[in-house]
Structures are given as structure tokens and as C-alpha cells.
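For clarity, chains are labelled A, B and C in written order, and residue numbers in each chain start from 1.
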Amino acid sequence: MIETKNINFYYGNFHALKNISMQMETHTVTAFIGPSGCGKSTFLRLFNRMNDLIANTRLTGECLIDGKNIYEKSIQVDELRKKVGMVFQKPNPFPKSIFENVAYGLRVNGVSKQSFIARRVEESLRAAALWEEVKDKLKKSAFELSGGQQQRLCIARALAISPSILLMDEPASALDPISTSKIEELIYLLKKEYTIVIVTHNMQQAARISDKTGFFMLGELVEFNDTKKMFLNPEKEQTQNYITGRFG
Amino acid sequence: MKYTEKELQALKEEVNEMWKLVLSQLEKAKQSFLNKDVELAREIASREKRVDAFELKIDSDCENYIALFSPVAVDLRLVLSLIKISITLERIGDFAESIARHVIDNDCCEIDRPIIDELQIEKMFDTVISMLTDSFVVLESENTRISGKIMSKDNEMDTLYHRSLDILSAYLQQNPALIRCGLKTFMIIRKLERIGDHCSNIVEEIVFYVDAKVLKHGGRVLGDK
Amino acid sequence: MVLRLNRNPGILSPILNNFVTLFFLFCNIKGLILQRKKLRNFREQEFMDKKIKQKIAFGFFRALSLLVVGILFWILGFIIYNGIGVISWEFLTTAPTDGMTAGGIFPAIVGTFCLIAGSIVFAFPVGLMSGIYISEYAGNGWIIKFIRIMTNNLGSIPSIVFGLFGMALFVNTFGFGDSIIAGSLTLGLLILPLIIRTTEEALKAIPGSYRTGSLALGASRLQTVTRVVLPVAFPNIMTGLILAVGRVSGETAPILFTVAAYFLPKLPSGIFDQVMALPYHLYVIATSGTDIEASRPIAYGTALVLIIIVLLMNLLATVLRRYFGKRVKIN
């Protein structure tokens, strides 16, 4: 379970996230929607501390994963990122073979037993619904795959180190509709074993795949509600104006 | 106004047109029934086709809107309720037509006028007409405060209907020869009562659209478990 | 030569910029006059004007770039024409004789390669690691800006100053004497900025998505650099290195006081030996040999060998980059 309490986040003087408190249940899909620059991606990156990489940022409040504040001093960021996987907007496979891409997370985390790596790679590729397509060309470069396949490879790569949470930052925005629907199908399947948080610009996508939806605007969490409720009868007028396209 | 809103507005406009047509059908049905005006009744019958055409048109326009614009939230609720409203309006149109057919058949004039008056058929006509007019106002103004008033008129209709049953059965016991005619008259009353029900359905749809509340069958608020 | 110009526009670019500005100013004035004259066919005129302007401008640019190529060919042709006569197997494999008016240049070739190897052994690891530090670890604080400015300054110090510094530090203070190690270290210092710069640029060119992707999988920064970023950047780093080699093989001033022997017709036996080197040998036989006129053909021959070495290095850089560029993707 992910829980945030009064999160405030600043890029320098810019107040990017304002007092955000919410809870995400285990084995659910939570979608964040909102206009560009509303802070939804920033919020997503809090959960695996990717924002740490950006200079001159400041955070107040608590971000708890399974009851532990991940911003405490005792938390190892590497360990956290093993537990909280991430998939990015643009497919970003490494310039390595398909096999090595998936094995990478295991190798950097100290796994060296070949048989285990091979088994894990296959499991992850299967889980990412890519195994059948690539099983005969594992030694080929990952760049030979199509965009949608590359993105599924990135998902497999994230799954290989057995995270419990999967963060997805607009995972389908660079893909064609067929690849998009494959990714969506995958998210639906992965929900059984992972807690998924996804940022998307595509509201229909949020509606299709998520259990709960959060609407962000200007750094505030305007509304966080069941997806069904959100798309049939949102509580806030701002939400309604945004999702019906009457924004502004 | 965004172009998607304009499309939606056009859809609403169509339903308004249909609404006006059905309302005039209903008013004419009242006139023709009370005055036994066969000419007017024929006019109603011939204009029924236009009501049907409206329904088909609105149906397909709503389908298109959903397919092309994927409406959500308030827009989705509006389109859904417009579909249902148009179906209901078409039903009301059918009832107006069947009342007109009864006038055209002109095969039962024997029932005494005082009985007709006692049955308060004119009042029933007036009540459903006002219900339909008021619900139109609700949709236009998106103000659901008067919806309660319209619903209570439906109860009034029910009372009149049950009352008419007693009056008619007493009357027919005394005049067994008029039993066919009495049944036909009762059917008209029954139809008026149904129109009242449909009108309150329409109001429920509008409340669904505006307030996202489901009033039907006990009711709930949308999205709540 | 051309390559170097492209990488280091330094002096040329302000002049070129002014030139270009003036040129466009001229075009604009001309355009204005034309516009007044033919106000009626305003649109057509404007359209034609634009096309003509563009033609003139690009024609001019093309001529300039062809000029550069022309000069290169002229130099090459000149050297080849004068030097090809003395090139022979013997010339390449024997030591100079008769007061450097006869014999070959073998010791100088060997010396040059010794210096190349020595300077790279020193400068490549140091430059690579500094480049990685600057690009991957240092962030964007004032320290890093300072380091960057200083690196650039180091790069713009005249090579003769490096020579003097190398003599003071390595030859005298460290007591290496005139030796391969003193010369290599001096040359290494000279190319260090170049290697740091190219490493930094090569790393900068790697998309950040590789880094975030790796870090998000729980990799450390060091793992990210060594396993993902460096392999991709390697071809470009190699290119920078080989360009540095070209530079080393051609420099005269830094070796003047630190390693180069005037005349030493034997091969070095260790890193503390003096050696001859091609550029210095060329300088010597062209300016202060025993018989300058008699050794002129040898001078051209030496120049030709030197140029061929540098060109071969550049060619190697291109080939290596292509090769690694392909390999890295598959890996």
C-alpha cells in the first residue's frame, strides 16, 4: 500500500506539489490525469525517489510504502528502486541484447547465477507478454524490436527484479493504438500481482484500465475517486470540465 | 463554446423539437377526444410518422456522438438521458395516436357526457400536458427543483385512474349494454395514466443528467457503491 | 586538418560570423532597393529575391568550404611531390648518416610512436576519468564550472609553454632528464584537455533516458556509467583519443626541451632514454642541419611520413567509430 501525507514538493522556488494526501491500495491500478505541468509525473517519481536526481528540489511531508517512510535516512535508494519499478514515457531499452536488457536489473543487483538469470528473464518476458515474439532472438539487439515491443521489454526489465509496485509514466503515449491496447491489456493482467500507478494524458486509457483516478491541477490533487465515479459523476466541477474537454 | 459542446447542443435541440411535436400531438388528442373531432384525429395519426422519424434520427445521432466523441461525466449522462427521453417521447406519441384512432373509429358515443365529466378525463389530459410542459422546462433550465412537483402530479394521475375504475364499473353495472364502450373509454384513461408514468420517467432521466442521481426503483447516486 | 578545424572553431568563428553578418546586411540593402523599384510585382519580386539571395549565400559558402579542401590538397600535393622521391624501404628503416644528409629516419619514427604510446598511457585514463567525473557525477555547481573553465584554459596554453613547464617539472624537478617519460608526460598534459573535452561531450550525447532507466532498476551511478553509458559513448571517446594521437605525433614545441635528441642514430632502450621524433627532426634538418640544402629532400620525405601517420590516425578513428558504432548496438 502506498500512502502520502501532506506532500509538498518544490523545484527551487516553484511549488510543484501542494499538500497531497492519498492512499493507493495493493493490487489496484491508480491513474493520474491532469494537464501538462500539473505535477502528476513529479508525484509519480516521488515513489521511487527519481526526483532525487534533480538538483535543487525540496520535499516535505511523508511518503509511506507498506507503512515505511521511504524518505527516511535509513532507506537505501537502490533497495527502494528494486521494490518500486518504473516504466518511462519513451521506450528506453539499453543498447544491449534483448536478454541482457532484462537481465540487467538482476546483474546490477548482484545476481550472478546464470541459470537463475535465464529463468527470471523468461518469466519476466512471459509476464510482459513478449516471450513468444522474442524467444528466438534473445541475442539480438533490443533496438530491432518495434516501439511497442520495446516498451513491453522495458516492462519485462522492470518486472525481472520482482518489484511489488510498478510506476508507469505515460507508458503508451509514444505508441500506436495496437501497441497501446497491448500495453493496456498487460496492465490489466499485471494488476493481479503488482500495485500499479500510471500517469496518462489519455483519459479514455485511465478510464479503461484504472480502479481509481486522481485528477491533478496546478500541483493540487483536485479529486481522487473511483474511476467509475470519476468518469460518470465527478464530484468537483474542475474535474468535470477537464475530462469533458471544457477545460479553462 | 467548444465544437463538441455545439454538437451536444444540436442533439439537445433535436430532442426539443421532438418534444414540441409530441406536446402538440397530445394537445390535439385532447381536443379531438373531447370534441369528437375526427379531422383533427386524422391529422394526429398522419403526424405520428414524424415522431417516429424523430426517434430514429435522435437515436442514430446519439450513437454517432458516443462513437465519435466518447463523452464522459455530464456529457455522457446527457446523451444517455436524451436517448431514453426520445424513446419515452415516442411512446407518448404512440399513445396520442391511439387516442386519435379511437376518435376516428367513432364507434362508441353512447357513454353519457356527465360520466365523462365525472371521470375527469379532461383534467387527466390537462395534467399530463402540464407534466410534459414542466419537464421540458426542467431540461431547458437544468433546474431540478420543480421535478418533485411533476412527480406528485403523477400520483394525482394514479388517484384519478383508480377512481375512474370505481366510477366506470358502477356505471357499467347499470348499463351492461355499454360494456364494450366502457372498456374502450377505460383504455383511454389507462393510456393517460401511462403517459403520466412516462412523463415522470422523463423527469427521472433529467435528474439523472443534471444531478447524477438515479431516482428509478428506489434510487442511488451514480458511482456510489 | 579539416577535422580539427571543425572541432575547434575558436579563432575562425568570430571572423566568419562578422563576414556572414556583413554579407547578409549587403543582401538586405540590395533587397530593399529592389523592393522600392518594383513595388508593383511586390510578391513575385519578394519570392524571386529570396531565392536569389539564398543562391548567392550558399554559393558563397560552398566556395569557402571548397577553398579549405583546396588548400588541404595543395599542401598534400606539395609535400607528396617533393617528398615521394626519397621514400624507400631503406629510408624508413635506417638511421640518418652523413650529418643527416643521407640515410633514413627510422629512429625518429620509433621515437614518435614511443611518445604517442607514452602520452596516451598517461593522458587517456586521467582524461577519461576526469571526463566521467565532470559529466556524470559533478552536477552543476560552481566547482564544476571552475573545472570546466580551467580545462579550457589548459587547452589554450601555447604548446611551447607546456614544453618549458615540462622541462622545469619533469626534467629538472623530478630529475627524469631529457627522456621519453618526461616528453610523454608533457605531451600528455597537452592533450589532456582535449581528451577530457571529447569524453565529456561523448557522455553528454548519451540520452538521459539510459541513465534514468538504469537507475530506476536499482543500479548505482557507477554501475550505470560503466555498464550502460560508457559502452555507448566509447566510439566517440575513441575518436577523441585518436585525434589526440594525431596532435601528439605532430607537436614539436613540448618535446623540444623534454625529450627530443638532435641526432641519435640508435633506438631507445628504456623510458629514461632520449629519442628522436619526426617533427623535431624535420625542424632540425630544415633549419639547423649540417647542410640544409643537401638534406632538403629528406626534410620533405620526413614531412610526408609525418602527414601520412596523422592521416592514417584520422582514418583509423573513422573506421573504429564505425566498427564500434555497429558493435555497441548489438552487444
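Keep in mind that, in the parts below, a contact is a pair of C-beta atoms (placed from the backbone, for glycine too) under 8 Å apart; a residue touches a chain by one contact, two chains touch by 3 or more.
Keep in mind that what you see is a predicted model, and the values were worked out from it rather than measured.
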Touching chain B and also chain C, the following chains: A
More contacts between chains, A-B or A-C: A-C
Most distant chain from chain C by Cα centroid: B
Chain with minimal offset from the mean of all protein Cα atoms: A
Centre-of-Cα separation between chain C and chain B, whole angstrom: 90
Whole-Å separation of chain centres (CA-atom averages), chain A against chain C: 46
Computed distance of Cα centres, chain B from chain A, in Å: 52
Chain A residues touching chain C - in the complex, by the definition given at the top: 48, 50, 53, 55, 78-79, 81-82, 85-86, 88, 90, 92-97, 100, 104-105, 107-109, 140-141, 143, 154, 157-158, 161
Touching residues (chain side chain B, partner chain A) in the complex: 2, 4-5, 70-77, 212, 221-224
Contact set on chain C toward chain A in their complex: 139-140, 207, 209-210, 212-220, 223, 227-228, 231-232, 328-331
Chain B-facing residues of chain A, complex: 203-204, 207, 225-226, 228-234, 239-240, 243-246
